[in-house]
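Shown next, in structure tokens, is the structure this report addresses.
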Amino acid sequence: MTVMADTPKPVKPRGWYKRNEIAITPFLFLLPAVIFFSVYVIIPIFQSFWISFHEWDGLGEKTWVGTANYERLLGGDRKFEVSFWNNLRWLFLYLLAIPLGLSIALLLNQKVRGIRLYKSMFFFPFVLSQVVVGLVFSWFYLPREGLLNAILQFFGMGTVNILGDPSLATYGIIAAGLWPQTAYCMILYLTGLNAVDPEQVEAARLDGAKGLRMLWHVILPQLKPATFIAFVVTIIGALRSFDFIAVMTNGGPFGSTRVLSFYMFEESLSEFGFRMGYGAAIAVVLFFLMLIFIAYFLWSMYRDEKGAR
Amino acid sequence: MRSIFKASAAALLSTSMLAGAAFAQDLSGTLRIISDMSNPAPRATMEQLAADFDALHPNLEVELEIVDREAWKTQIRNALTANAPDVVNWYAANRMTPYVNAGLFEDISDMYANGDLPGLDAVKGAMTLDGKQWGVPYTYYQWGIYYREDIFNELGLEEPMTFEQELANCEKIVASGRACYAIGTKFLWTAGGWFDYLNMRTNGFDFHMQLARGEVEWTDPRVRETFANWRKIIDMGGYIADHQSYSWQEALKFMTDGEAASYLIGNFAVPHLREAGLSDEQIDFYQFPKIADVPQGEDAPTDTFHIPANASNKEAARAFLQYVTSAEVQSDINGGDKLGQLPVNANSSVDADEFLEQGFEMLSTNAQGGVAQFFDRDFPAEMASVGMEGLQEFMVFPDNLDDILQRMEDARQRIY
Amino acid sequence: MFPTPIEKTSRTWQLTYQAILPFAMIVWLLPLIAVAMFSIKSSADFASGNYWGMPSTFEGFVNYGKVFFESDMPRYMLNSVLITVPTMIGAVALSCMTGFALGIYKFKGNLLIFFMFIAGNFVPFQILMVPVRDLTVNMGLYDTKLGLVLFHIAFQTGFCTLFMRNFIRALPFELIEAARVEGIAEWRIFWFIVLPLMKPALAALAVLIFTFIWNDYFWAVVLTQGPDAQPVTAGITSFNSQFVAQYHLMSAGSIVAAIPPVAMFFLMQKHFIAGLTLGAVK
């Protein structure tokens, strides 16, 4: 795709654009998107960094405060500590979606009648909005009206008020989040299982591999691309857990379910004043947390790219 | 809810013709109102109000947007800064401070000075900050203990006058398998009501206000005494279980079902109780009983209308403020079949309703200490937010008190 | 095939499997079934504590009727459509172009720009929130659908570019070389050769974006307020405050809000899954 000079009929001298067409075209095609993306995504990232060194109510002049916001944040802000630990809980527990999704995929990877419908039914929680999922689960957990407690009582167990108990509430929300996320991982694995090389499986069978050994040594290595994507989207999802918290507990009870994304929102758009600077500082911390995973993702893509062409 | 009311306007004209006639100057353009009156009865009242005002001014188009009351508390600042409407709902007293300081509310002192707002002299104070007035009230209401008269009769209880009697009553109610008090603290502020009363009764109105102004430490022994009194109720199982999961509306069910005998709440709960099928024989009201020998203070929150500084049709907005505060409209919208609350205009009449009459009486004769707005309106907003979270935690885990008070004290030192 | 195909296993296991499937599905969808049950009950059932028994009367029509005729739900739904569809068109259009540029041409910085789009797509929303809100306010687009649409288009372009570029990379490059030999202008190559081949990708991306945007809540709350511009995800909270504690109505409202993306999924299932799982197989 490099040289355009030796086209068959180089007749009359062509215009500057014509001569440089291949070099220019990609930039013309990229221009609108790059402008848009820079204005709304790239530049705001740097602006947030800048704002985080200020005290600013979103209206008047920004006041430079240096690292004061970070000092307050890291110097024993209880809400920040709670939020940060909750973020870590989300990160680890949300990853359960991967083995859960794999299990369901293995259960459904058959060719019986109606299996397509089953697959869709298992998958479709993923297309519900997080707001709806959050509402559905908060009603599911209701201390009296909720189905969960009705079931627990049916089996003769005591009732729990999951979202009202500060030691359980975060886990209750994560469980709600796992529901659509597991569905997503399941569909990734179902697609992956479809592409598993049947000859290798047969060969392994002849060697006497079965069950878990087979899964671990033969199948999982072939599912690596699916696992990789499942890992990336799950991590991103875990760090984006805003909607569930806003809908299900609003950070409560007594602030025990806050995460950084929610705390940032609260500080920045709260009734008692737009703490834009402090909010931006929280966002920056969250950004660095996410950056670890973004870097990992980009690095593996880069490796693939080099391998590809 | 945002509607343009032209169509049904004619039918409504007659009802408010009189009240409006005085200011039927030729207003034009659009009047955008954002209201937080999202509960059913207030919503209907507000819609009617907007429709009537629209009908009075043929060249003016009234656009009403009703937003969720809880959500509005976080949206208002946004609304005032960007694409501001012409009239908004808010609350009186200290809760106006952030917006007054940020220059987001229009100064309407001239309206009070010119006599455009007759009959509001008594409530002017609640709208005053820095010597200027920033809005008008449209309703206020008493707080107190609403209780199930039939359950009290069944158990042979009487309205308590002292805290000892209150606790004795509660003991009997608990023994009968009920909770004494319904409450829903999911949105936190209901717990503020309990603290207000317990603190005003234990330490008096003036002390409560000192605390609100940040002049007293949260770890002060007098504050602890308030919490010790509160703890008596908590420890005896006075409150319904899982109240941290309910909104105040959801918790009403406990009272209508008879699982809880009473509810410390504002008068706005009465239409809901009636709606749920309780007759006036089944519900009654008493003032929060005495604890220490201090002048009784009462909570009587005032709800308000303001003009954003960035509004575009201020002329119409001012006319609307005049309209809602006029004596007749005040009598009308606060009637038992509408808001069911107390009118702010001295020339209005209090509706003939047992709760409104009792409440009015209580506030005019039996609140010697003074009238407070409410926890989240008297304390600066950020202190209120940290504080109410702590109060909710205390109600569930009273053992955490030391930690809670320390946290509130840290916040106090940072905020004031 | 893994696990072992069911038809090659014992009869008992086959039967057990057939029995497990519906049971597992019911357990999986239990929270949703519960909400669906709520939504057809009467308020009397809730008052009498009949939460989980059979509904005493079927009130589905009444409850859903209220959602459609006595609330702002239809307006919120319309807003959602007016936000989602333009975003879908805008983001897909932009990313066709970026995908083409990044997938076909070799130039300095190609990978850098590509990675910029990917990285941007993964950043937490919160780091964009304050500046984007500020920008929207300054452009006078706060609390408008347009303000929301512009941001969504920009942000989604990141994901869409990743998708389109990888898709275009997989097209046979010889086609383009052949066209160049014919002296066809580059934009014509894009329009007449590449674009027709991208149809499946366009469909997949369109359904995905539809779902993502329909379900967005965060930006709806940050950039809009009230029924003028708010989509249904944000509107549902004010719906719930209108019918507070009336679980039968709130349930009906949530179900209505969820229907469009669910319908989209069931109608376009093949494209939807193809889009989601792109890259899951190499």
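First chain written, first letter: the chains are A, B and C, and each begins at residue 1.
What we mean here is this: a contact is a pair of C-beta atoms (placed from the backbone, for glycine too) under 8 Å apart; a residue touches a chain by one contact, two chains touch by 3 or more.
Treat the numbers as computed from the prediction; the structure is a model and nothing was measured.
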- [ ] Among all other chains, pick the one whose mean CA position is farthest from the mean CA position of chain C.
- [x] B
Task: Which of B-C and A-C has more C-beta pairs touching across its chains - done: A-C
Open item on the list: Can you compute the centre-to-centre distance for chain B and chain C, using the mean CA position of each chain? Integer Å is fine.
Closed with: 41
Task: Rounded Å distance between chain A and chain C, as computed from the means of their C-alpha atoms - done: 14
- [ ] Could you check chain A for residues that touch two or more other chains and list them?
- [x] 58, 144, 269
- [ ] List, in ascending order, every residue of chain C touching at least 2 other chains.
- [x] 237, 240
- [ ] Return the residues of chain B touching two or more other chains; collapse runs of consecutive numbers into ranges.
- [x] 78, 81
Task: Residue ranges of chain A touching chain C (in the complex, touch as defined) - done: 1-2, 4, 7-9, 21-23, 25-27, 29-30, 32-34, 36-37, 39-45, 47-48, 51, 58, 106-107, 109-112, 114-115, 118, 120-125, 127-132, 135-137, 139-140, 144-145, 147, 150, 179, 184, 187-189, 191-196, 198, 201, 214-215, 218-219, 225-226, 229, 236, 239-240, 242-243, 246-247, 260-261, 264-265, 268-269, 276, 279-280, 282-284, 286-287, 290, 293-294, 297-298, 301-302, 305, 308
- [ ] Quick one: which bits of chain B touch chain C in the complex? Just the residue numbers, please.
- [x] 1-2, 34, 38-40, 43, 65-71, 75, 78-79, 81-83, 247, 249-250, 252-253, 276
Task: Sites on chain B touched by chain A in the complex - done: 73-74, 76-78, 81, 98, 102, 186-188, 241-242, 244-245, 380-382, 384-385, 389-390, 392-393, 396, 407
Open item on the list: Which stretch or stretches of chain A touch chain B in the complex?
Closed with: 57-59, 78, 142-144, 161, 163-164, 166, 250, 252-255, 269-274
Open item on the list: Can you tell me which positions in chain C touch chain A when the two form their complex?
Closed with: 1-3, 5-7, 17-18, 20-21, 24-25, 28-32, 34-35, 38, 46, 51-52, 94-95, 97-98, 100-102, 104-107, 110-111, 113, 115-120, 122-135, 150-151, 153-155, 157-158, 161, 169, 173, 176-177, 180-181, 183, 185-187, 190, 211, 214-218, 221-222, 233, 236-237, 240, 247, 250-251, 254, 257-258, 261-262, 264-266, 269, 272-273, 276-277, 279-282
